[in-house]
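Presented sequentially are two complexes of subunit A, the first with subunit B as partner and the second with subunit C.
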Partner chain A sequence: MTSVEGLLGCEQDSQRTLSPYVTGTSVIGIKYKDGILMTADMGGSYGSTLRYKSVERMKSIGKHSLLGASGEISDFQEILRYLDELIKYDNMWDDGNSFGPKEIHNYLTRIMYNRRNKFDPLWNSLVLGGVKNGQKYLGTVSMIGVHFEDNHVATGFGNHLARPILRDEWKEDLSYEEAVKLLEKCMRVLLYRDRSAINKLQVAKITEEGVTISQPYSLKTFWGFNAFQNPSKGAEGTW
Partner chain B sequence: MARFSPYDNNGGTCVAIAGADYCVIAADTRMSTGYSILTRDYSKICKLADKCLLASSGFQADVRALQKVLSSRHLVYQHQHNKQMSCPAMGQLLSNTLYYKRFFPYYAFNVLGGLDSEGKGCVFTYDAVGSYERVGYSAQGSGSTLIMPVLDNQLKSPSPLLLPAKDAVTPLSENEAVDLVKDVFASATERDIYTGDRVEIVIVNAEGIRREYIELRKD
Partner chain C sequence: MFRNQYDTDVTTWSPQGRLFQVEYAMEAVKQGSAAIGLRSKTYIVLASVNKANSELSSHQKKIFKVDDHIGVAIAGLTADGRVLSRYLRSECINYSFTYESPLPVGRLVVQLADKAQVCTQRSWKRPYGVGLLVAGLDESGAHLYYNCPSGNYFEYQAFAIGSRSQAAKTYLERKFESFMDSSREDLIKHALFAIKETLQGEKLTSSICTVAVVGVEEPFHILDQKTIQELIESFEIREEEVADEGAAMQEQSPEPAPMDI
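On to the complex of A and B.
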């Protein structure tokens, strides 16, 4: 018994996610003047097929937190069930206390790391934002438990395409309008360059007053660029 | 097809230098994965006891799990003995904790620094599975290959084979050691893509703990 099964005891191979099935692409979160803004498109890809087009990938958690997910949609829904349970049992103390974003983020961190230790990962990159007692919080966790806080975070392609923009243009006291504009700029770049991104997205906001998740909407695009219409120009010999 | 890998390398460099009555522990604050920078402001230094600090690089999730284990073990120790754990004791505990996971290791490269029970600077250096050694100075992590030979050159330590054993502490003053740390990090940052953004330098001496930060290249 030198195989992995030997090390893992009764864990069943067939119960593990060895690769994801239905996946969502990037999530972006930023801090702004009054709280946290987060955005994600509503696509659910089945491999490279765009299978679902109305997947809500951002949900509010408890009173003070907002969770966004990319990666396996079913695993995200399971995480939501875990968190519902956590919030419910916390609520049953009826002591007026409630989990803030920091606690939720830490809990997610432990769930993700625990599952990677079992070689049975939850195939997601998560973004958690929230506000409690005037304290803004924005953090992220990956499939294997790597986690950190920052003023702006992004998952997947967002790390390559959106964060350089955010590093250039983000500032502490962005107004709501400026912050949405910045997120839309990032999402437009992702829409042009990430093949699994779709033009139907939501923006979610969390402040001291609570969570609001926008209705789905589209970004204005322009495909008339020369390089789009004649991609082989400047690369002679290609088809 | 995407395959699951339980490990990642998040990079980072850790350095510690022990002096006669001080210890300098330093690490950069960059966290990376592949060619991407995840964040420019992540502290790799963890305070385990009043005079004992751990700097670790490698796989961040394992590093955090390791820090949690050591912190909780130290909390129990305080309840049982009504005192802070000494740095050499923490050194042994860290080694045992790493070896406990010998066949599914913590992918963590550690340098433990602080003051021993006599107030002398001490540095312990480790591999991922718990081999360790008390030394006068050490570098671990992605920039260690660039930094370690410079430290060897500047801080010639007495051979560990000498009899009777000589103290491994460096002859430098506290300020000279801090300046040396700043220089080696600035140099490592030039060639190691996983080192940069900022160095966090912690100085432990009889007065207590002091922190300094200097900016590094951000590219």
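On to the complex of A and C.
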């Protein structure tokens, strides 16, 4: 304990998120023919209790970017405040220059890594997508500042359950319809296997024309699989 | 002792509405050796005259690289120029650390101008005695700015500052309309000719001038002396050819041809 206090210096009353309270689960983003598509459900879990059912976890940032977040919802809201400030000051120059997705992604990486170095991380995994000057961009940042770009990215459970599907089925020139179908396939798997996922989701699209975030909707599900009805069958020793 | 009653500190106005200390600082720019800049749609060229203080010394550096996409040429107090270049460099490097992209030139110039302005409004400060030509490339294209000790800044197609810069300005004013579509080589040629104008008959050699270029796909860099010497020689040869033709023309027509260039 003393060693931790030593690291924190004189900030003895420092407040930090020791563990997340209200959290959102996976976000998935993919590139498609005209831009980027992103999807996330609208659940907000209070610990393991599904406490909130209409949390918007994807927001547009400026003209060219779209941000999705999983993890601590209040920390996401704080990040949105930082970005609103950033975009406002960028616009106030009024000089024709504006931040693209690459700039926002790097800025977020700086924020996340800086906060983890203060031992006060923002408890999120972020997905940042965008299109600027015909250039598609998709990247992710973790709560400790790990960042990378890829053709498809996912956070949390999505990394384990959605990305294998995307690795098999994603291709460069997916049409909008194909891309939505692929995302829904991933979200359905997550809905079945991730206990925090709920059946109310949004799909957000960003292209050269701008951002559109869909109204919430549900997926068709089928719970009649044998494995669902008798989950312990074939697993000797479990209850 | 004093030139007048109102020039003892920067912040005191004269009844005519002037700030003499600021004007003296602008005078310092005119006394430094000349620096010029000009641009096309995709390239900016900076050039300066290097004057050694004595036969025994080397000259001071007057063109500085700020970042891959920005460079400056200075006239006036070189020491102040170096301080400001260091400031510009650190602003650029901080921006690219945060956003992983180059700082827009116009924004850098505003920050620089604001810094200079503060010095004109604080009794315990003095204005910078240096003028900067800031050349840079960004999303919105090629830019050339002039930053003045007064905190004013202006964007130009082509400009010259420093001693005898009026001669270079006259040259540039006569030629600037063709600059927008000029090639990189033509810009360098015009830069050298403009520099030559400020030398008032003194021979133009690579040892008394520095030339730097920044452009699309070409990071800011100062041309080496050998390259400049070769360019000067090739241009001089062509100039002589033109002069010979002119002489030949003169023999034919009794009218005295006006000598441009």
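As a working rule, the second predicted complex is superposed on the first by the 227 of 239 C-alpha atoms of A that agree within 3 Å, B and C clash if a C-alpha of one lies under 4 Å from a C-alpha of the other, contacts with A are read in each partner's own complex, and residues count from 1 in each chain.
Methods note: a contact is a pair of C-beta atoms (placed from the backbone, for glycine too) under 8 Å apart; a residue touches a chain by one contact, two chains touch by 3 or more.
On a predicted model such as this, the values are computed, not experimentally measured, just so you know.
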Most subunit A residues touched (candidates subunit B, subunit C): B
Subunit B versus subunit C as contact partner of A:Tyr107, first or second or both or neither: second
Which of subunit B and subunit C A:Asn97 touches, first, second, both or neither: second
Touched partner set for A:Pro121, first subunit B, second subunit C, both or neither: first
A:Leu18 touches, of subunit B and subunit C: first, second, both or neither? first
First (subunit B), second (subunit C), both or neither touched by A:Tyr176: neither
First (subunit B), second (subunit C), both or neither touched by A:Tyr192: neither
Residues on subunit B engaged by subunit A in the complex (per definition of touch): 1-8, 10, 31, 33, 36, 38-39, 41-42, 59-61, 64-65, 103-104
Interface residues, subunit C side, partner subunit A - complex: 97-101, 104, 106-107, 110, 138-140
Footprint of subunit B on subunit A - complex, ascending: 7, 17-20, 109, 113, 116-117, 119, 121, 142-150, 159-160
Residue ranges of subunit A touching subunit C (in the complex, touch as defined): 93, 95-97, 99-100, 102-103, 106-107, 110
